[in-house]
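So that you can tell them apart, the chains are marked A, B and C in the order they are listed, and the count of residues begins at 1 in each.
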Amino acid sequence: MKNGITAAAIALAIPITVLAPASSAQQFITVASTTSTEQSGLFRHILPIFEKKTGMQVRVVALGTGQALDMARRGDADVVLVHARAAEEKFVAEGHGLKRLPVMYNDFVLIGPKADPAKIAGGKDILKALRGIRDVKAPFVSRGDRSGTHMAELALWKEAGVDIVSEKGAWYRDTGQGMGPALNSASAMNAYILADRGTWISFRNRGDLAVLVEGDRRLFNQYGVILVNPRKHPHVKREMAQAFIDWIVSPEGQKAIADYKIGGEQLFFPNAGDAGA
Amino acid sequence: MLPLALRQVSYAVGGRTIIDRVSFEIDAGPRTIILGPNGAGKSVLMRLCHGLLRPSAGEIAWRGGNGARPGRQSMVFQRPIMLRRSALGNVVYGLRLAGFSARESELRARDVLEAVGLERQSEHPARTLSGGEQQRLALARAWAPGPEVLFLDEPTANLDPGSTRDIESIIGAIHATGTKIIMTTHNLGQARRLGDDVLFLSEGRLVERAPGETFFRQPATPEAAAFIRDEMP
Amino acid sequence: MNDLGLAFATAFALIAGIDSKLIEIVALSLKVSLTAVAISALIGLPLGALLAVARFRGRQALIVLLNALMGLPPVVVGLLVYLLLSRAGPLGSLGILFTPAAMIVAQSILITPIIAALSRQSIEDAWHEYEEQLRSLGAGRLRASLTLLWDTRFSLMTILLAGFGRAAAEVGAVMIVGGNIDGVTRVMTTAIALETSKGDLPLALGLGIVLVVLVVMLNAAASLIREAALRRYG
């Protein structure tokens, strides 16, 4: 009996050691990015191209923008790739990052129930739409997690002239969740929600929701990439991280981004050449 | 190690006195039986002598001062406690604790198992043996290191008459090799059969002590007489 | 209801097709949790045995503490280990954050109290039964604790399996210290969390079924072992 058990234990241990990835042997860098970017599937598409070319593994830890920047401040990442320009520039100004480079943009869309209590479907003005939602106190789900999407949402409320902090009521649901879970909640509550197009396209649990407002320039979502400052964090893998950054803003990297499509639709629009972005 | 001397030994727990100022000396040679009704304190007295309990008052002394080394004195309990290993393994365990080498332990263990009639069961898991077989195994384990003194606490109280006879005969054989036997029982018949030297205990006190013949023919104290007459449980 | 049916169907198709990503995730889950249990056993079993048999001041308090630590929330352990292993933290130079090693550390911290507390209980029960006999044979406390560790091996095996089940089922600790990195630190539970949040329920359910089957099989194995052992060894 006991020999049988020992044998079984050994038999189990061998295939596991063989099957499990030999992660420590390979060269790698750590990139702090956002959940919405990860969930859009972009990395699964572009990273293998980079890894094949350089033999370097890129490990993406996906968090909210605020968390991603915090993680980099602690020195737990080599590169940051997020979409909140103001926060990114502050990050560089504080000396945590060397330089911010624009990479690509995607856009946000306003999702809502087909029944549309705020009567904003088909509009091209996001500010008008948000005011409409506030006026009828229609249920609205916010990410509430200091992510780029959340910060963009807050900026839009402000631009629309709505003081969301004082004006929010039971209709404004602050969930503290990533994009996917927040969409799940919106679907369950039949609520309006601001989402990035990428997550929306791959989101399968739509319920009664649809895209109601899109195309407003204000909804464009710019991504920036930053090398974590090796002077502040000497262990940062400078050369490898720089190689990744150089590649992602290069024509080859930019093409890889543009080639990523879901259901035939392009999600991200490369604009590394756009100096003002 | 013998004689074993107890001087004014008392044992109390939770305010209750279980052993009350008992004094006696036990010499080598005759089989000593501690007899008495249930609740007299026989088991506690055995554990005090064996060293499992410490007296609340009084003194327990072996000759030469050192009764504590494993294997010098052994005890067989009313219910045999066996480890989850083979019969042989259980005996070897005791021998290793007593300081025998692995090789010697195995040899002695096999010998002693044969002596008690368990050689066919040596590889069987000890806990699957019958009650009588386990008690024989306990005897074998206790005897294997060759102790000077063998304590037995009501060893046959849970056994059928057949197994009881087996155990008594093995005890006799062990005694014949020169090992001192100190045993408790509440069974009068057993005490008559095995008692060369009888200590009668009642309510924690040593009431009477006499050679077996004398004790059963002509008990000196009324409590002893009552016990023998009524065969009090 | 239609959705659920579709989800189950996709789940079974996935498992039947033995998707290579699925195997990678399952293998990593097993590697992390089995290693954590092995480490926890190495620390927890001797600790439990000694605690069961030794007598010293503060023993009761230590037992209460150990029992209490069984209830450590995984996400809190994850947070604490993250703070320890972060570059900004005391053990940052080890560089094991966001690797399976960090996940193993976190799960070991989570499981060791469970194994220590439960084995302490098991062995103490056995000690009550064996104490007189073992002391009579001349076994000191250290020797007795080793003897009891072996004698209670079947109960202990069940305890180890319980520890493994707890490790394999938790998501809070491994999510925080592992980062759920695709192909590196993604295990069954974090993958389920990810796919659920993406709204990809069929895949999440597929992984969930694998996880449940694994845990149920383990518990069944534990049961069978105990029954067989009782019959054989008594």
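Please note the rule applied: a residue touches a chain if its C-beta (ideal position, glycine included) is under 8 Å from a C-beta of that chain, and two chains touch if they have at least 3 such contacts.
Being a predicted model, the structure only gives us computed values, none of them experimental.
Novice: Per the definition of touch at the top, where is the C-beta contact count highest among chain pairs?
Specialist: Counting C-beta pairs in contact for each chain pair, the top pair is A-C.
Novice: If you average the CA coordinates per chain, which chain's centre is most distant from that of subunit B?
Specialist: So the farthest one, by centre of C-alpha atoms, is A.
Novice: Mind checking the centre-to-centre distance between subunit A and subunit C? Centres are C-alpha means, answer in whole Å.
Specialist: Comparing mean C-alpha positions, subunit C is 33 Å from subunit A.
Novice: In angstrom, rounded to a whole number, how far apart do the mean CA points of subunit B and subunit C lie?
Specialist: 47
Novice: As a quick test, compute the distance in whole Å between the mean CA positions of subunit A and subunit B.
Specialist: 79
Novice: So which bits of subunit C are touching at least two other chains?
Specialist: Touching at least two other chains: 153, 232.
Novice: Which residues does subunit A have that touch at least 2 chains other than itself?
Specialist: Residues: none.
Novice: Could you pull out which subunit A residues touch subunit C in their complex?
Specialist: Where subunit A meets subunit C, its residues are 1-2, 5, 12-13, 15-17, 19-21, 23-24, 30, 35, 38-39, 43-44, 57, 59-62, 73-76, 177-181, 183-184, 199, 202-206, 233, 235.
Novice: Sort out for me which residues of subunit C touch subunit B in the complex.
Specialist: So the residues of subunit C in touch with subunit B come to 129-130, 132-133, 135-139, 143, 147, 150-151, 153-154, 232-234.
Novice: Would you pull the subunit C residues touching subunit A in the complex into a rising list?
Specialist: Residues in contact with subunit A: 23-24, 27-28, 30-31, 34, 86-89, 92-93, 95, 97-100, 153, 157, 179-184, 194, 196-201, 225, 228-229, 232.
Novice: Touching residues of subunit B toward subunit C in the complex: what are they?
Specialist: Checking each residue of subunit B against subunit C gives 47, 50, 52, 69-71, 74-75, 77, 81-85, 93-94, 97-98, 125-128, 141.
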